[in-house]
Structures are given as C-alpha cells and as structure tokens.
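Each chain gets a letter, A, B, C and D, in the order it is written, and its residues are counted from 1.
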Amino acid sequence: MSRPEASPKSYARGREPEASVALALLATMRRDLLALLRRPGAAFNSLAFFALVITLFPIGISPDPELLATIAPGLLWVAALLAALLSLDGMFRDDFADGTLEQLLLAAQPLPLMALAKVAVHWLTTGLPLALMAPVLGVMLSLPPGSYAVLVLSLALGSATLSVIGAIGAALTVGLSRGGVLLSLLVLPLYVPVLIFGAGAVQAAIAGTSVAAHLALLGALLAVSLVFAPWAIAASLRISLNG
Amino acid sequence: MAFDSFAAFLAMGGHAAYVWPAYGATLLLLIGVVLHLRLERRRLWRELRRRARRERRQAGDANREVSS
Amino acid sequence: MSLRLQARKLACERDGRWLFRDLDLEIRSGEILRVEGPNGSGKTTLLKILSGQLADYEGSIFWRDAPLRRVHRNFLASLLYLGHAPGVKAALTPLENLAWYQAMAGTGGTEAQRMSALEMVGLRGFEDLPAGQLSAGQQRRVALARLELTPRPLWVLDEPFTAIDREGVADLEARLAAHVRGGGSVVLTTHQALDIPVPMCRVRLGEGKGNVAS
Amino acid sequence: MWAFFHKLASPKGFYAFSARLSPWFWAAAAVLIGAGVVWGLAFAPADYQQGNSFRIIYVHVPAAFLAQSIFVAMALAGLVFMVWKIKLADMAATAMAPLGAGMTFVALLSGAVWGVPTWGTWWQWDARLTSMLILFFLYIGVIALRGAFDGRDSGSRAASVLTMVGVINIPIIKYSVEWWYTLHQPATFSITSRPAMPVEMWLPLLIMVLGFYSFFIAVTLTRTRSVILHRESAKRWVRELAGEDG
C-alpha cells in the first residue's frame, strides 16, 4: 500500500483544544442543518401538526369567533408546545443510530457546548418556524389584533426554552427503543412555567396590559435553562450511550 | 372532646362524607405501604433462601464427584 | 516514550456481574493490543473504558503517566475510536462527513486532504454521493478514511473489519502495521485472523477474569 | 469518624446499622400518627368557617409536606450518587420513590375531597393543588424512566439526573403556578393558607407532620434494606445471610 509513514513527530504536538471550539460548534450546526435540508420532512411535519391541531379545536368546540378569540392564546400556545414536543424525539436519535453521537462524545470538545449547538439547530428548524407560522393560525382563531407581535415574540422566546429543556428528556430517552411516550411524560411537567408565561403574555397583550413582565420572565427562564441544562444534557447523553 | 356524643363524632357536623374518606384513603395508603413492604421482604427472602439451598446442593454434588 | 496507556487492577461490574477483574494492561508506542473473548465477555466494555468513555470501573488508568480522568481532554485529542456503528451520517456525502470530523478534531482541513483520504480507502468517485446510498462496507470505509485524515497516535478499533471485503482487510492490515511502525499503537477487537508482522499483545476476557499473554 | 461514615455508606454496613435504627422510627410513627389522628378527629376544635371538614388538614398537610420533601430527598440522594458514586444513595432513592408518589396522590385526593364542602366542587384549579398535580407527574416520570432502562446502573443514573432537573424546576413551577392562579382568580381563598391557628389546632398538626416524617424514615430504612439484599444478592455476605437463615 502506498502510504507515507506517519512519523511520531506529526502528532507529538497536541492540538490546542480551546482554539477550535468555535470551529467545531459551527461545523456541527452546519452539518445538522445540511442533514435537515436534505430531508426536510421532519421539520415540515411539526408545522403541519401545529396547523392540524389548531384546525381540530374549532371543529371540536365551536366555530363562534368570540369564544375562539378568548381561548386562542392558550390554544395556540398549547398546540405549538405539542408540535415542538413531537419533534424532540428526533433530536439525538439519528445521531445515536449512526454512531455520530458516540463520536461527538469522543471529540476533544466540550460536550455541553456541542449539545447546545444541536439544540440551537432544533430551535431554528422547529421553534422559530412555529412562531412565524402562528399568526396565520391566529387569524383562523380570530385572535384579536394587536397581540400578533407578542404571539410571535413569546413563541420564539418560549420555544427556545422548550428546546433546551426538552433536550434533557431527549438525551435521557435516546437509548430507549420506545422512548417517545416516556419523553413527553418527562418533559411536559417541566414545560408548565413556559406555557404559563407564554400564553400569559398573549393574554396580557389582548387585555391591553403590559407584556414586559411576561416576556422578561420568559427570558429569565431561558437564561436559567441555558445555564443548567447543557450540563444535564451532556450527562444524560453520557448515560444513554455508556450506561 | 369537640363532640357531645359518639354519634355526633361519626356525623362530623354533616361533613362525615368528606372527613372519613380523606382519613380512610390516607390510612389505606399507610397500611398498604407497610403490607407491601412485608410482602416484598418475604418474597425476597424466599428467593434468597432458595438460591442458597441450590448453591449448597451444587457444592455437595461437586464434593461427591471429587470423592468418587 | 511519549505514548503510554496503562491500566492497573482494572475491574468492571455490570449489574452485579463481574466482566473482568484484576486486569493489568500496558500499551506503548509500536504495539498492538488485541482483546479477545467470547460474545458478552466485555470486549466492547473494555475498549470503551480504555478510550475514556466509561467512567464506571474500578482500578486506575494512566495516560502518559497521569491519571486518565485528569488529562481526559488531552487524551481524547490523541485518540481515534471507531465503534460498532460507522459514525457516518446517511444524509451527507463522504466529503461532508469527513469535513465534520476534521472540524471536531480542531483543524479546518482542506478538501484535498479529504479527497486523498477517500482515495486511499478506495472511494474515489463516491465522494459526492449521499452516504446512505453507499453499501455497508463502503460506509465503513468512510469511517476508516479518518485513520488517514486525522493523525492520532492511539487507535482504538472495535471490530474494524466488519463488512469489509478481502482486499479492504489486507489494506487495513497494512495500514495498522504502518501506523504501529511509525510509533503509534492500536487496541482492537476482531474475530478475524490477523496477519500483521508487528509485535502483538493479547488479552483474553471471559470467566470473570482477564488473562494477559504476549 | 471517617471510617464510621465509610462503613455506613457501604451496603453491608448500612444493612446492619439500619436494623437497629428502624424499629425506633416505626414505633415513633405509630405513636405519633395514632395520637395525631385521635386528637385531630376528636379533640381539636372545629373551624368557625369550615366546620368539621377542616379536620382533613391533619392528613392533607402532612401528606403534602412529605410529597415535596421526598422529592428533595431523592434529588439529594441522586446528587450523592452521581458525585461520589455511593450506590447506597441510589438504593435509598429507589426505595423512596413509590412512597413519594403515594403521598402526592393522597394529598391530591384529600385536597379534592376537601374541595367539596369548601368550594362545592371536586376539583378546583387551586395553585397548591395544581402544583401538587404536576409534582405527581414528575414522580411518575422518574419512576417510569428508571424502569425503562434495561441496565439497572444506567436507569439509576438517568433517574438521578431527572430528579435533580425536577428539583430545580419545582420552585419555578410552584411560583409560576401561583402567579397564574392569582392572575385568573384573585379572590378565592386557599384551603390551607389561613391566619394564625390556635394552639389546640396546630399542635395536632405538628404531631401528625412529625409522625409522617417518622413513617417516611422508617419505610425508607426498611425498604432500602430490601433493595440492598436484592441488588447485592450475588455478594458473599448476602449469600451467607441467606444460608444461615434457611
């Protein structure tokens, strides 16, 4: 075989791990986005689910616009939350199956940050599209005008927290063959505060009161989960892969 | 004593239907936990003893083989 | 000697059962360690412990005479581990897969490097096909291209010959030999009879205790 | 001193130690709960607003206390297990979980029953009851996650992580639910928050709370012993113990 002999010197010098973190982060995000672009089905499915669930409510409750308008903030938020939940299971599952998750754990890079890169991609491909799509569904539920901007903003902010917290559950259940239902059982109770402040923000906007407190609390939730969750995700991934 | 008679105690001032079930459910849980503990323990010991007997038998068999 | 991985009194218990106990190992530059044993004897577990993935063991492991737990990041930067799964994303092309690995290794790398690595494993002409369309053996070859792409002194390979054809096996054997001669070292498991003209240590697992033989 | 703790933290040492300790807690639990029940049911005065339905407080509040304390205890045990790799801590957490779920259920049930004479409905989305319900789901999640893993060790670790995540979330959930509740029904009064109680009302409550805690400790000690025997059943000391006995 024609191969230059690797001299011992060529790897005697250890690479500087710190300098390369940004490169690895970007590469991981790029890779995940690329893989999603090649198979856009998963991201599209949760959007379709969101629209479908919203369609079911007027059919199940009543087409009365006044009634719908009062429950619209909660409906939109609950449906978006469920749609985000639906896509959680896939966050690490493909990587687990093809072995790249194992390699991610073996890279000389900080795992909490790498996991955060994957969470960011998840939010970019589910949370953000859901937030941008919500106004259209809001019109269908006769959501009062003046609350649309707050709806988008609260969903964008809140769904980031949902992705971060949900990633803990996804990481804990990635090694289980039937983890899907269990995942929702683990994650939904933790979603309660986000739902309260998110739906509360839209309701406050409709009532004409200040939404700053709600949005600030949503931001605080995101900040807190960004501080704690990456460590929990990393630990959970290690448990799921290596027991 | 907060009640005049035993009948009044049972009636709980008209709230018997709420007070007694609440206490009943709680005591049921406490007793259930204790019973479950005992049952679990007994089953575990039975299993452990069976395993110990089996091991002793196997050891006995091995000895016999060596001596013969 | 720059490369030295030592394990002392290694023991691993899984759910109340000892996989191995009192295992002493040493891997130096220019050596191959082959882990043998029947199915379920803990070969993969031992490899995962030696590559720093499993922390749930008794005994101690030293990398370059420092405890592994303390120099973990440094250790990972000199390790290349190939597991059961090839670690190749089906939606991406071999080139894109390798680009990710280069970035994770901390080096940007060039496309020319990736191309030559793919050529080395006989995947010329498949660079731009999604890996999902490649055969299992070809996907395994994409993973093996990493051996060329990111030079690391210590290779830990779990069943590297899986799904590889006879020619590929010979290639890989030659590559292992070259790596070891160049001062690297290899820990591997395989059911294959190996034909590598370099010193090889063996560890036999099973019966709850590991036996080391040279 | 260190050696003493080290011995305690080993399953075998704990097994011997807990055998001497647990009877005291069982006795304390029986006496305190017995006295508390009699006092609370028969001797404590009726509430001037709620009448005799107020007596439910003597089972509802201790159960609710225990429901929360057990989750915190499980999280602490999980932390000890993850950081110091002391398996005994995980065994204790395993032993506690079902009791915690049971206590949460009883707190919910007694709260719902209490709601009928107080609010005229079986279920009110009261802040405390709602967060108790969410706590119940958290318990179910932890128990289900532990059972879902094939390998016991990984199940233990996963449950520990989830318990710790849950315990960080419990105060956040509690405050957000309270905030939500006051926003939606500001005027309703809560069943358990009341102005200062007279001594003859809160003393039996204190006794019941202490009794429930003793019960919790007794159950945990005893059940941990079973878990130890189960998990260490291959170890020599357990086999010798079983051999002597049979």
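The rule is simple: contacts are C-beta pairs under 8 Å (C-beta built on N, C-alpha and C of every residue); 3 or more make two chains touch, one makes a residue touch a chain.
Treat the numbers as computed from the prediction; the structure is a model and nothing was measured.
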Groups of chains joined by contact, in the absence of chain D: A, C | B
Far-end chain from chain A, centres as C-alpha averages: B
Pair of chains joined by the greatest number of C-beta pairs in contact: A-C
Distance-to-centre winner among chains (Cα means, whole assembly as reference): A
Mean-CA-position distance for chain C and chain B (Å): 52
Computed distance of Cα centres, chain B from chain A, in Å: 45
Chain C and chain D, separation of their C-alpha mean positions in angstrom: 47
For chain A paired with chain C, centre-to-centre distance based on mean C-alpha positions, whole Å: 34
Residues within chain C bordering two or more other chains: 14, 56
Residue numbers of chain A (touch at least two other chains): 243
Overlap residues in chain D, where contacts from two or more other chains coincide: 151, 153, 233
Interchain pairs in contact, sorted by label: A-C, A-D, B-D, C-D
Interface residues, chain B side, partner chain D - complex: 1-3, 9, 12-15, 17-19, 21-23, 25-27, 29-30, 32-34, 37, 40-41, 44-45, 47-49, 51-53, 55-56
Interfacial residue positions of chain D with respect to chain C in the complex: 85, 151-153, 231-234
Interfacial residue positions of chain A with respect to chain D in the complex: 168, 172-173, 175-176, 179, 182, 185-186, 188-190, 192-193, 196-197, 200, 217, 221, 224, 228-229, 232, 235-236, 239-240, 243
Of all residues in chain C, those that touch chain A in their complex: 2, 14, 29, 48, 51, 53-56, 73-74, 76-79, 81, 83-92, 96, 99-101, 103-108, 120, 130, 148, 151-153, 171, 174-175, 178-179, 181-184
Chain A - residues contacting chain C, complex: 1, 3, 5-8, 10-12, 14-17, 19-20, 23-24, 26-28, 31, 34-35, 38-39, 94-95, 97-100, 102-109, 241-243
